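Only one structure is covered here, and it is reproduced in the block below.
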C-alpha cells in the first residue's frame, strides 16, 4: 500500500494470533496507518503485546498503529442518543487515525430539538457531518435539512421491536425527505469514517498544486488510496 | 347503533349496488353518521344517486351522510409533504363527519424545519394532533418532542424504493425516540380520525355531569360507540 | 423540565455508573418524576445505592424517583396471557409513576372469551384502556369492538415461530378490523403508559379553567410536557 | 382416479383451450368430480361451450362437472367481513362439489362480537368449521376458543398497509392462542374445502363397516383419494 | 373444564413456582388431563416435587397429569430427519396424553424416498397423519399426494441459512401442490396434537348415538372442549 | 467473443430499435449464437424484420440467431405443473440454442409421485437435470434424492399467497435435504440453461485431447466462454 | 432560497396544474435552479406550456429551469447495464442542472471486467464517482476497490426474482467489502446528484478565500444550501 | 449404499452417542466414505474414540472415515475474505473426502482486484470453481465473468447489519449479472462440495467406456450415488 493509506483488519471471528500475524504483515509491507476494528479488550491486549507501538481505544474498540498526521479536514460527528455512543466512538477514532480532525456532538436527538439547534452553528464550521442515530433515525433528516454539507448517516442497532436491529433506521435514512443524504451500513462507524476519508482525499487533491482532481492509482486491498 | 355513533363502509372491492344496499341498511337502522370511505368518483356518483342526502369529498374519497354536529374537540392535522395530502384529507373529512373541529397544517416536513416551528404555537391550541408523513416519517418524532399532546401518527405509502410502500415510515414511527406516540395503519386517515373520535368521546364523558369516565355500552359493528 | 413532566432513562446498554450520573443530573435539573426503565436487579441496586430516595419494581424493571401524585385519570390495563405480564407491569408502573390510577385485568385472552366478557363492565369505568397481548394479538380487536374508549395496543414478543418476536401481533393490531385502535412498539409498556399520560394531560387541560386545550410549551428531552 | 375423487385444474395462466383440453382428459379418465378453479367469466364461457355439462359459479369463480352426491358431512363456513366473501364462496362451492353440506355465516367479525355469539349454537351443529378472515384474522382465534371442532382457518388478502396482502392474517392465525387451529394458504378457499374433504373421507371410513380407519390407496395426481 | 378436556400450561418464561401454582389450580378445578409443555428438566423436577402424580417425558419436554384413556383414534406421526425428533416427540406425547393412539415413523424424508414408500401402507391404517419436517418441508407434499387422510403439517426450525428458522418450511407447506394439507405453527408439536384431538372429538361425536355432529359447549381457556 | 460463445440480450425495458441495434452489433462482432430473451411477440416481430435469419419461439419468448450445432450433451428438463411451462420452455430453448440436446418431462410434480417414478429411468440417461417447479418446489428435493446427476433447480413464481412470487420455492430449494442441489434465480430458465452450458463446456474439455480441464480465456461480456 | 440552491418538485402523484403552481412559486421566490423530477412527457409538456423557459430531458424525465453555471466539479457516472440507463440519466441531468460537469461511462458491469478496467484511468480524473447498478450491484464494490474517490452507489430496480425490486442491490452495496462506499435510495439518480452537489459545495467552500469550510446557513426547504 | 457414495451426518443438535451410533451403522452397511459435518472438537473426540479409523479436520469441523481415492477431478475453491475461511475449509475437506482434488485461493475478494486477476490462470486449470464470499458476495459475479467453468457460489454469513446473516450475499449471487452461476445455501461448504461431486460423477461417467451419460440407480439417503 501507499503513503497515507489505511489498512484495516476486522477482528471478530479471528483469533488473537491471527490478528497479530495480519497486523505484522501490514506493518511490514505498508507505510500508512494500520487499524484493527471491533477488538474486545482481551484481543486488544494480546495484539498490543506483540505490536506494542499501537494504541487501543476501548470505547471505539479500535487498535491503531502509525496514525496519520492531521490533514486539515474537520469532521462533525453527531449522536442522537447515549446508546449510539459506541458507534460514534468508532467513527471518531477511525477518522482521527486516518488524519481527520473530529468534533463530537452528543445526545442531540430530535425529541429535544433545542439541543440540536444550539449546536448547528458549530456543526456548520466543519467540512462534513456524520450523523449516528438508531431507533427511527430522524436526526439524519433534520440535520440534512439544516446544513448544506455532505452528510453521512450511520443507522445504529439501538432500540427494540419495530427497530428491527437497525434496519428501520437504515431504511428511514435512505428514504429521507432531505435531499442528498448518503448512508452506510448499520453500526458502521468504520464505514462512515472511511467515507469521510475519501472526501478528505478528494478535497486535498482538488486544493493541491494544479487544482485538479486526484488521480490516485488503484486503492490497496481494503484500503482507500490517496495521492502522495 | 346509538346516537352519535359513526357507521362506516369500506368501498374498495364492493360493487356500487352493494354499497348502496349497505348504506341503505345503515341509514335505516342507525341514527348517527354513515360514512363510505375510499370511494372513487364513479362509485360515489352511483351511491349518491340512490342516497342523495349525502356529500362526497373527492380529495378524501369520502361519502358522508348525517354528519355529527361539532363537539368542541379541536384536532390539528399536519402533513409532511404534498404527496401526503390525500391521506390527511381523509383524516380531516372523517374527523369532521364525526363532529370534530379540524385545522390542517400542510407541507411542514422536517427538511424545512422553520415552517414547522412557525406553526407549533397554533398546533398546541388543539386537543390532539394527527401527523401524516411518508418517506421516513420523521415529522412524527419531531412533533412528538415539541408538544405534550396526544399524537396519532399516520405513515403514508408515498416515496419509493427503501420506503417500502409505507412500511419504513410505519416502523420508524413505532420506533420513535419521542415517548408516547401512537400509530395507526399505513395510509389510514380513517383510523387516525377514529382514534381521535375515541379521545373526544372520552374527554366529553370526563367533562360531563359527574366528571367521571364514560361508561358506553359496546360499540356497534365497526363503530366507536359513545353515550349521549 | 417542568412541573409534572417525567424524565426517563433507558438503562440497557448503559453501565450502572452512567445511569447514576444521568439520574443525578435529572434529579437536580428537573422537578417531576425521574424514571429508569428496563433495569435489571443488579443495576437497580447499584443505582439505588447512589440515589436511595427511589423505588424499584422488579416485575416492571422500573426505578422511579419523585412519583407524581394521582391526577384523577383511571387507566385499565388488560393482558391476554401470563407471559404478557412483564410488559403490562411496566405499563402499570410507569403510568402510576406519572400520576395515573391503574387497574390491571390479567389473563383475559380471547381463547377464554367469558373471562373477558366478565370484566368489560369494570373496564368501561376507566378513561382509557391499554391492551397487552402477544401471539396473534386478537385481544386488541375484541376489546376495540367492545368499548368506545381510547385503546392503546401493546404487542408483545411472547410466542414463537410465526409470532416473529412480536411482529405478527404488531401487524395484526395495526390491521385490526376494530376502528380507531392505536398501537405502540413491541413490548413497550413504557410507550403505552406515556401515550396514556398524554391523554391524561390533554384531558386535565380541557377540564381546567377556561375549558380549552392545553397550551404546553415544548416537551423536555424524552419527556412529555404538561401544563403548569 | 377413483370413485368420488375430485380432479382440479387451476385456470390462471392457462389459455381457455388449454383448460378445455385438460378438462376433456380428466372427464374421460376419471369418474368423480372435475373442477376448474379461479375461472374468470370469459374462460368459464369458453370452457363450458366445449364441456356443457358443467356449471359455473361466478362468485366462487368455480367450474364444476359431475359434482359428488351429499355425504352427510356438514361444514360451517364463517366470514369476518364482506370483502372475504369471494374466498368463502370458493370454499363453499368446492366443498359442495365434493359432496359436503355447507352453511355459511357471513359478516360475523370480532368487531361486532354479538353477531358471532348469536350464531355459535348453529355453528356447533356442524362437523367442522372453516373461518375466512382478512386484516388481523382475529375471528379464527375467537372461534377456536368457542368450539371444540376442527377449525380450518383461511387468511384473506383483504385490507391494506400492515395487512401485507394477507401475510399478517396468515401469521396471526398460525400464532393463535387457541389450541389446535389449522391454517391453509392465503385466499385458498379451495384448500380449506379440500382439507374438509379429507376430514369427511376419514370420518366416513371410520363410521363404515368395521369401524376402522380408511385404507385408501395413493391419492391421484392432485386429487384427495376416497374410500372405495 | 369438562371431562376429557386438556388444560395446558406453556412453561417457558414462567418460574417453577408459578407453574406449580397454575398446575395446582388446574388439577383442582378441572377433571381432565393437565399438561405443561416445553418444560426443561429442572423445571420438571421442581413441579413434579409439588405434584408427584404427573409424569415427565424429557424428549417431548412434557409434564402430564391425569392422561386421558385411549379413545380409539389412531394417529401416525412422520418425521423427515433426526433433527425433527423433539417436535415429533412433543406431538406424540401430547396426543397420547389426550387419549389418542400414536405410531411414529422416523427419518422417512424425501431424499430417501424408498424408506417413505415402505411405510405408506402402515401409515394409511391410521385416522390422520402428522408430518414433521424442517429444511424445505417437502415431506408434507409427498405424503399429501400419497394418502387421502387429513394431513397436519408441522414445519420445524431445523436447518440453517435459507431455512430461516423454519419459515421456509412453513411457507412451503402452505404453498404445497398437494391439495388440502393443513399447517400449524413452526415447531408446534403441541398444536398438531391438539388439531388431531379436535378431529378425534368430531369423529367420536359423529360415531356416537344419533350419529350427528358433536354439540360441545364453548371450549375452556386454552382447552379443546369435548363431548358430554 | 469466441467460437461457440452465446451473446445474450435481455429485452424487457428496451425498445425494439434498441434491441435491433444491439443484435446487429453482436452479429457483426461475434461468431457464435446470439440470443434475445423475454421478447414479447411485437418486439420479436420488429427485431426479426431487421435480422430475418433468426427464429422466434413464442412459448420460450426467445429470439435466436446462429444456434450452435449439437455438442453431444443431453439435458433433461422436468416441470412440476402446467404453470411452470413457460420457464421450462425458456430453459429448453436457450439450451438448444447453445448446442445442448434437451428432453422435457412435463407435469411430474410430487403430488402425483407415480408419474415422476415412471420417468426416472429415462431421466438418468442424461448428463444433467434441470428441475422447474413453483409453489413449494418439492420436486427438486425428490429428484435430487433419486438421481446422482448434477441438478439445477429453477424456482418459479407460480402459485399465490404464501408462495411469495417464487421466493418460497427458492428458499425451499436452497434448504433442500437432498445434498448437492444447485439453484438459480426465480423464473430463470435462461440461467439454468447457461449453467448447463457451463457443465457441457467443462465436460467437452475434459473429454478432449489431453483429457485435462478446459483452459478457456476470460469469458466475453455476458457470455459463457468455451474452448476453441 | 439562496443563490445557487436547487428547489425540487417530485411530480408523481401531482396533477400538471399542481406542478405548474408549485414551479411558479419556486421561480418567483427563489433565484437558483428549479427542478421537477420524474415528469412523464404529458406532464412535462403541460408544465412547459406554462413555464416555457425550462427544458425537458425525456430520458432523465427531468424538467429544469435556470440551471446553475458550471462550478468546476467533475463527476463520473458509471452504469452496469443498459437497463440502468434511466436512473443514470436522472443523476447526470440533475447534477448538470446544479452546476456539475458530468461524464457517463455506460455498460461497464463486472461480467465484462475488461470494459471497466479500460475506463478506470478516465474515471479517476474526476472529483467523485456515482455508480448505478442493479441486479447484484457488484459494480460498486469493484469500483470502490479501484479508486480512492468518494463513491456514491445507486442501486436500481432492474432485474427480477431474487433482485427484489432493487432491495438486493441496495443491501449488497451497504454490505460492500470496499471500505467507505456511501449509498442512496433505490433508483434515486436524484439523490446521488444531490449528494454530489453537497460534495461540490463543500469543496468550493474549502477552496475559497480563507480556505476554511463553508458556513452556509440552514438549507431551504428541500434544497441543499450553498455558499454565499 | 454403493461403492463411492458418501454417507453424511449433520452433527449439530445430536448428542455424541447419537452420532456414534449413526456412524456405526453407516460404516457397517455402506462401503464408501462416511462423513460427520459441523462437529465441534468435543463431539469429534468422543466420536473418534468409538470409531478411531476416522480423521478430524478442526477448521472444516469435519469427521471423515474411508475417504474416496482421487478421481482426477480438480476443483478450485476461492474465498473473498479471511472470515470466509471456515466455510471454504468445509467445502475443501468434504470435496477431498469424496475423491476430488482441491486447490484453495484465499483472500481474493474484489476490493483488491489485482490479487484475483493474479490467480485467474491457475483457477482456469481446474474443472470447476467454488466461490465462497460473504458481505455482498461480489466475488461470484466477477469470477463468473472471468471463467467459462461451472461456478458454484456459496454465500457466507460473515458481515453485519445489512448483510442480514448471509441473506444479502445469497440474493446477490442469485441475481448476478454473470450468466449461469449456480448457488447453494448460506455457509454450505458441504453443499458446494456435494454439487461438485455430482459434476465429477457425471464427468467420469461421460468419459467412461461407451462415453454415454451415467445411469446411476437412485442415490442413497442423503448420498449422491455414482456409477461403479
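All chains are identified by letter, namely A, B, C, D, E, F, G and H, in their written order; residue positions are counted from 1 within each chain.
Rule of thumb we're sticking to: a contact is a pair of C-beta atoms (placed from the backbone, for glycine too) under 8 Å apart; a residue touches a chain by one contact, two chains touch by 3 or more.
Here the structure is a predicted model, which means the values were calculated and not measured.
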Neighbouring chains common to subunit B and subunit G, by label: A
Fewest touching-chain hops separating subunit B from subunit F: 2
Same vs different contact residues, subunit E with subunit F, by half of numbers used: same
Farthest chain (mean CA position) relative to subunit G: E
For subunit B paired with subunit E, centre-to-centre distance based on mean C-alpha positions, whole Å: 45
Inter-chain centre distance, subunit B versus subunit H - centres from mean C-alpha coordinates, in Å: 58
Subunit D and subunit E: spacing of chain centres that average the CA atoms, whole Å: 24
Multi-partner residues of subunit C (at least 2 other chains): 109, 111-113, 144-146, 161-163, 167, 170, 174-175, 177-179, 185-186, 218-219, 221-222
Every chain pair meeting the contact rule: A-B, A-C, A-G, A-H, B-C, B-D, B-G, C-D, C-E, D-E, D-F, E-F, E-H, F-G, F-H, G-H
Contact footprint of subunit G on subunit F as seen in their complex: 10, 12-14, 18, 22, 155, 157, 166-167, 170, 185-188, 218, 220-222
Residues of subunit B defined as touching subunit A within the complex: 80-81, 109-113, 135-138, 141-142, 144-146, 159, 161-164, 167-179
Touching residues (chain side subunit G, partner subunit A) in the complex: 5, 8, 74, 120, 124-128, 144-152, 170, 174-175, 177, 179-186, 190-191, 193-199, 201-203, 206-207, 211-219, 221-227
Partner subunit A, residues of subunit H touching it in the complex: 82-83, 107, 109, 111-115, 158, 160-163
